[in-house]
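Look at the two complexes coming up: subunit A is in both, with subunit B in one and subunit C in the other.
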Partner chain A sequence: MSNVRTTERTTAVGRARTVLARRTEGRAVALLVVVAIVAAVFEPVVFSSFPVVLGRLALIGLVALGLTALILLGELDLSVASTLALSGVVMASVPNLGLGIIAALITGIVVGLINAFFVVVVGINSFIATLGMLFALRGAAFVISAEKPVPLENIDAGIAFGSSLLGPLTPRVLLFFVIFAVLQILLSRTRIGREFYAVGGNRQAAIDVGIPVRRRLVLGFVISGVVAATAGIINTLELTAADPTAGSTVLLASFAAAIIGGVVLTGGRGTIVGTLLGALALSILQVVLTLSGVQVDIQDIFIGSILLVAIISDPSSLRTAWVRLRAAITRSRTRDTARGLTGNAADQ
Partner chain B sequence: MAKPTFTESIGVVAPTSTELSTGARVIKFVADRGIIAFTVILIVYAAIFVNGFASLPNISDVFYRAAPIGIVALGMTFVVISANYLDLSVVAQVATSAVIFIGVSNQAGLAPAILLALLVAVIYGVVNGVAVGFFHANAVIVTLATTFVGLGVLRWLSGGSIFFGPNGGVIQSLGQAKVGPIPLSAIVLIVMAVILGFVLQKTTFGFSIRSYGSNKAATRLAGVRTGQLVVGAFLITSISAMVAGFVLAAFSNTAVSSMAEGYDFQALAAIIIGGTSVFGGKGSVYRTLLGVVFVSVLTNILVLVGLTFGAQQVAIGVLIVVAVSIDAIARKLVKN
Partner chain C sequence: MRVSRITMGALSIAAASTILLSACSSSGTAGNNSADNGKKSYDVYALLPQGTDQPYGTTYLPPMKAEAAKDNIKLTITNSKYNADQQASECDVAVAAKPDLIVLWPAVGDTVRPCLAKAKAAGIPVTVTNSGVNKADVSLTKGFSGPDTYGQGVASAEIMCDITAGKDVGILVVNGLTGNSTATTRHDGFADTIAKKCPNVKILAEQPGNWNKDDSKIAVSEMLTSVGASKVQGIYAADDTMVAGAIDALKARGIDPAPLFITSIGNTKLGNPLVVSGELDGTVFQSSSWDGQHAIDLAYSVLTGGTVKDQFMPSVKVTKANATDPSVAPEW
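Our next item is the complex of A and B:
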């Protein structure tokens, strides 16, 4: 096996193939190409409306970035949408804008720590722990806001926040790219990032080589919480009010972006760049569909179908299905042979 | 780390040879049997201290509200026990079934409506089941995707409008029907519990589901066709969701695409609080029924006491985490 690989590496094609096989962003790139071609044919105006696409990208992709770091560890966070709503409400409830933003960020950190406590210390599956938090935090947002949108005291700051700074770049888009850069460097260029991949790839091995697994898990949950809180802050600033029901579609969109981007839910495989590409493909698709006057319902059908295809076209899923199919065919063939019906089996 | 014995691994609690401390035994007892005690305590407490709980209209109201969500939870127990987390698409399934039940029966009569709803349920079950069982995709994401597609199709075809059943029609009379003081929907809930409980406890299929939930590899090696098994679990969930849609539509005599929002996690909450383990393998339909009763009674009390919707959500969230924490701690204790 290793011999084959070394001979392959000597040729240029072989080397390219090894590099490609290691990358996980294949599906995101494929979807991006398809979406770009569709856009070029039907709505070429998309390519001249960068601000719209970028705004949509920052909307869909921000929470997905934080989630990606956590999924790489092999954990899930279903509470991101509720964290977004709660931190927005907390921020708007504090009269001073600066203090409010700090309070919202602290909310994100605390939520991350609580999630981490249940997963790391108590030992609950992260899916269930964050499911409980999904209810509890949403409920807390309702209680604090008295089930009404909370208006921001300082509306001017919100309006200023929505306008663009440099060309098409609004503060939201800039923040998105800053967080992207920070996480990209953290995960691909630092020791902590490598340890994230190790913990997600094989937790027992990570413990055995002395990686502080618990601390990495805590960091992962805090990243996810803080990024969700940041999205809550941005939403509140742009709307100049905090809506306790905000972010209900964020959960699906973030998971969709990460999975289309090739992040494997069991952990250890995937990149932040993949998530960015996945989010970009989804946002271009949404803009194209909106510009062509497609209803929101039908957009949902598109995105749901793409997510379904993305999850079952995962290489390991395809391999499993193929092995199963072959086993089923062999089984039916042997059964037919026993009955003396080989001719029929060969026809299949 | 001792390996679990066969009986343990299929969810039957075997007498352990190791001596547990008193505290450990209490936690284990709470994890195994606690829900029964808690439910009884809650009902007795409510009957004595909460004004307006122990009245016939209130209790039948509890039943009316518990029935649809309970039927969904009963079916979804199969997916949870097979260690596939949950089926999020019940939100779309219940709403689709309700809209078909009223919308189509207004146009073409009751029989075609029921057949169409059944067809839709089978499609949901097969798509979810094949993706999870044969492609080994994560059930949460698969059912999230089918929810989006399903709700999209439903809103697109129904135009998002509300469908009303004819006044005094069959559907309305079914929804208001009572046997003695007990609403018909509560009887449907109990009949479903008996049938599904039998399937899970007494049939080969049910046994395979439980053993698959505790050890996937071993079950496959034992010659069980695990792909078909998972499809079966998702089919049971969709059929239950279809029945729940009928019950829900009949109760209010209306149907709209958003009527089942929150059913996914509420059903899961009832299942978990009942003591079915989300790690798979351990649990039963009767536990889910108890969980449903517990959550419905609790919600009813919170409403009667005057707590807001937000506070109720907080209570349910905390309850989920506490219930699962007890399960997790009990597992750790048994392991050591």
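Our next item is the complex of A and C:
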């Protein structure tokens, strides 16, 4: 009887271990726990300021969600911040708010398609292609805005958009969670999502089994573009003006959220939930540091250090480091033994 | 594999804990805990777009902190690095912290209305420093202290009008960071005055130099190529850092800057020697210490219910005639 119980317990523990081993969000959870404890000790006001934390989460996390879908395919999009700025400027340049929002979303789709064209059809590396787009789109934002912020025609609509709908939920936060839910379902519950992982994990194998790799890549770039454009729309509404320089910190913050969330930059591994947790941990961290009066330069050092810890604590990095260390120790011991033998021979 | 995951988790938690604990424990020195001198103490958030990352911010902060210490004000200072989204988010944090007052230096003037509205709704007074807000938003603030940025553009243009003395000249214009309200108002002050007082001065081309010497050097070099160096007889740059870049660009082309008509704004440690040497014809004095000190001076007036009046820094013209005068000694 006790043997059966032990076996059942072992099996359950084994299953739990297997499930945990498959998850990639460990570092984000660890950071979140630490940040929450530090916040509880030093700045407990964070826990009564949900609108602030959720607002920061939506600011950091929204673009990161779209970017995660693309990174899972093994591609990068460095033009997201410029897409954000351009779509905001396009939106504010159209007098009718509804038409402006549609124009901004179309901008995001077009940018995604152009990026996809360069990467999928022309065959340029996505880092290079989207780097070029980063500059081109930022330039376009400056030209359209005549190098000045473009105020919304209806500023009151913008102010209303920034106010709470229910408790800490503002339209920005709600939109963030809607986009999160859509991408989570797409990537974890649909065939398309499984194909995203397959394309990012092993592109040749994905081609061999008949996955429409090119179409999935196009979809990934369009998702990234549309989500960045949505962030541009939200920013413009909340600030009541489109700033052509907007989004200057978005790119790095988005990558940081995804990396801390366990998304592997080479593709095929990671989750939208991980990115959400990474963005949440970073958001609470930034709010705590700001409330504590830590200067932004120092904040950057801490966030950079945590990012570094997240990267070097990746299991594959640790394994590689461990293997290299063991090899170095073995080599050193072999040399010492050889020297000892030579010394002994000389003594004789 | 299991061992590496456990190691990874432990390492992550240990490292993140160390980093965060050191951050928060060191933050005590970031605030300004003045000794109790019998005055009532106040909590004030200063939402700035620059700090020790810029020469102006570096010399703006010490007098600000000193004045705050004198008035028993505990300052929490943020730096959005001219990012409007970042400043909006910092404003949310400030409003949530419920300080006695917020000092706001707008990163982008057009985008601060929601921040001002939230502060007003929370009953937190806001004073504005260095760069003004839009006219429609002034009613949401308690007062302004800082340079008259439009007036600085006017003063620099007046120097240009004086030195060109009616001659037809073509000039290049190097503006500040695009979208920044100081950049916009200085440009407007300069352009309006040129059009009104000396239409003999023609703006041939203009580009942003982003308050940066290297960017300005590149911008001027490009403009010299595009309009033709022989057609250029002068340059206006929106600050001394950028005018130094512009002068470097001229020298790189083998052009002597001395005979050209060159004006700027700032009278900084970079610009003042150029005025003395004759390479820069004139600049406009901007005192960072005055700016930082008066930001708190105004805030304290609001907090104590004293008389609140907008405080404008005088726009003193600095030319070779007065460049060595101690009253205009450069500060940053």
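Just so we're on the same page, the second predicted complex is superposed on the first by the 330 of 348 C-alpha atoms of A that agree within 3 Å, B and C clash if a C-alpha of one lies under 4 Å from a C-alpha of the other, contacts with A are read in each partner's own complex, and residues count from 1 in each chain.
As a working rule, a residue touches a chain if its C-beta (ideal position, glycine included) is under 8 Å from a C-beta of that chain, and two chains touch if they have at least 3 such contacts.
Computed from a prediction, not measured in an experiment: that's the story for all the values here.
Annotation for the three-chain superposition on subunit A: subunit B and subunit C clash. Contacts of A:Ala160 after superposition on the shared chain: neither subunit B nor subunit C is touched. Look at A:Ala140: by the touch rule set out above, it reaches subunit B but stays clear of subunit C.
When subunit B and subunit C are set side by side, the one touching more residues of subunit A is C.
Of the two partner chains placed around the shared chain by superposition, subunit C is the only one that A:Val287 touches, whereas subunit B remains out of contact. Once the two complexes are laid over each other on the shared chain, residue contacts for A:Gly132 go to subunit B alone; subunit C is not touched. Within the superposed three-chain model, A:Pro51 lies in touch with subunit C and out of touch with subunit B [touch as defined at top].
In the superposed model, A:Val38 lies in contact with subunit C only, and not with subunit B. Legend: residue contacts after superposition of the two complexes on their common chain; A:Gln295 is shown touching both subunit B and subunit C. In the overlay built on the shared chain, the residue A:Asp314 is in contact with subunit B and with subunit C.
In the superposition on chain A, A:Leu239 makes contact with subunit C only, while subunit B stays out of contact range. One listed stretch of subunit B collides with subunit C once both complexes sit on chain A; from 3-11, 57-65, 201-209 or 219-227, that stretch is 57-65. On subunit A, the patch touched by subunit B and the patch touched by subunit C overlap at residues 142, 147, 244, 295, 297-299, 305, 314, 318.
Note for the complex: subunit B touches subunit A at residues 85, 127, 131, 134-138, 140-142, 144-153, 155-156, 160, 227, 265, 268-269, 272, 278-279, 308-321, 324-325, 328-329, 331-332. Contact residues of subunit A toward subunit C in the complex are 17, 20-21, 26-27, 30-31, 33-35, 37-38, 41-43, 45, 49, 51-52, 55-56, 59, 142, 145, 147-149, 151, 155, 158-159, 162, 235, 238-241, 243-250, 285, 287-299, 302, 305-306, 309-310, 313-315, 318-319, 322.
Across the interface of their complex, subunit A is touched by residues 1-2, 4-5, 7-9, 11-13, 15-17, 19-21, 23-24, 26-27, 30-31, 51-53, 75-86, 88-90, 92-93, 96-97, 108-111, 113-114, 117-118, 177-179, 184, 208 of subunit C. Looking at the complex, you find that subunit A touches subunit B at residues 76, 118, 122-125, 127-129, 131-143, 147, 244, 252, 255-256, 259, 265, 295, 297-301, 303-305, 307-308, 311-312, 314, 316-318, 320-321, 324.
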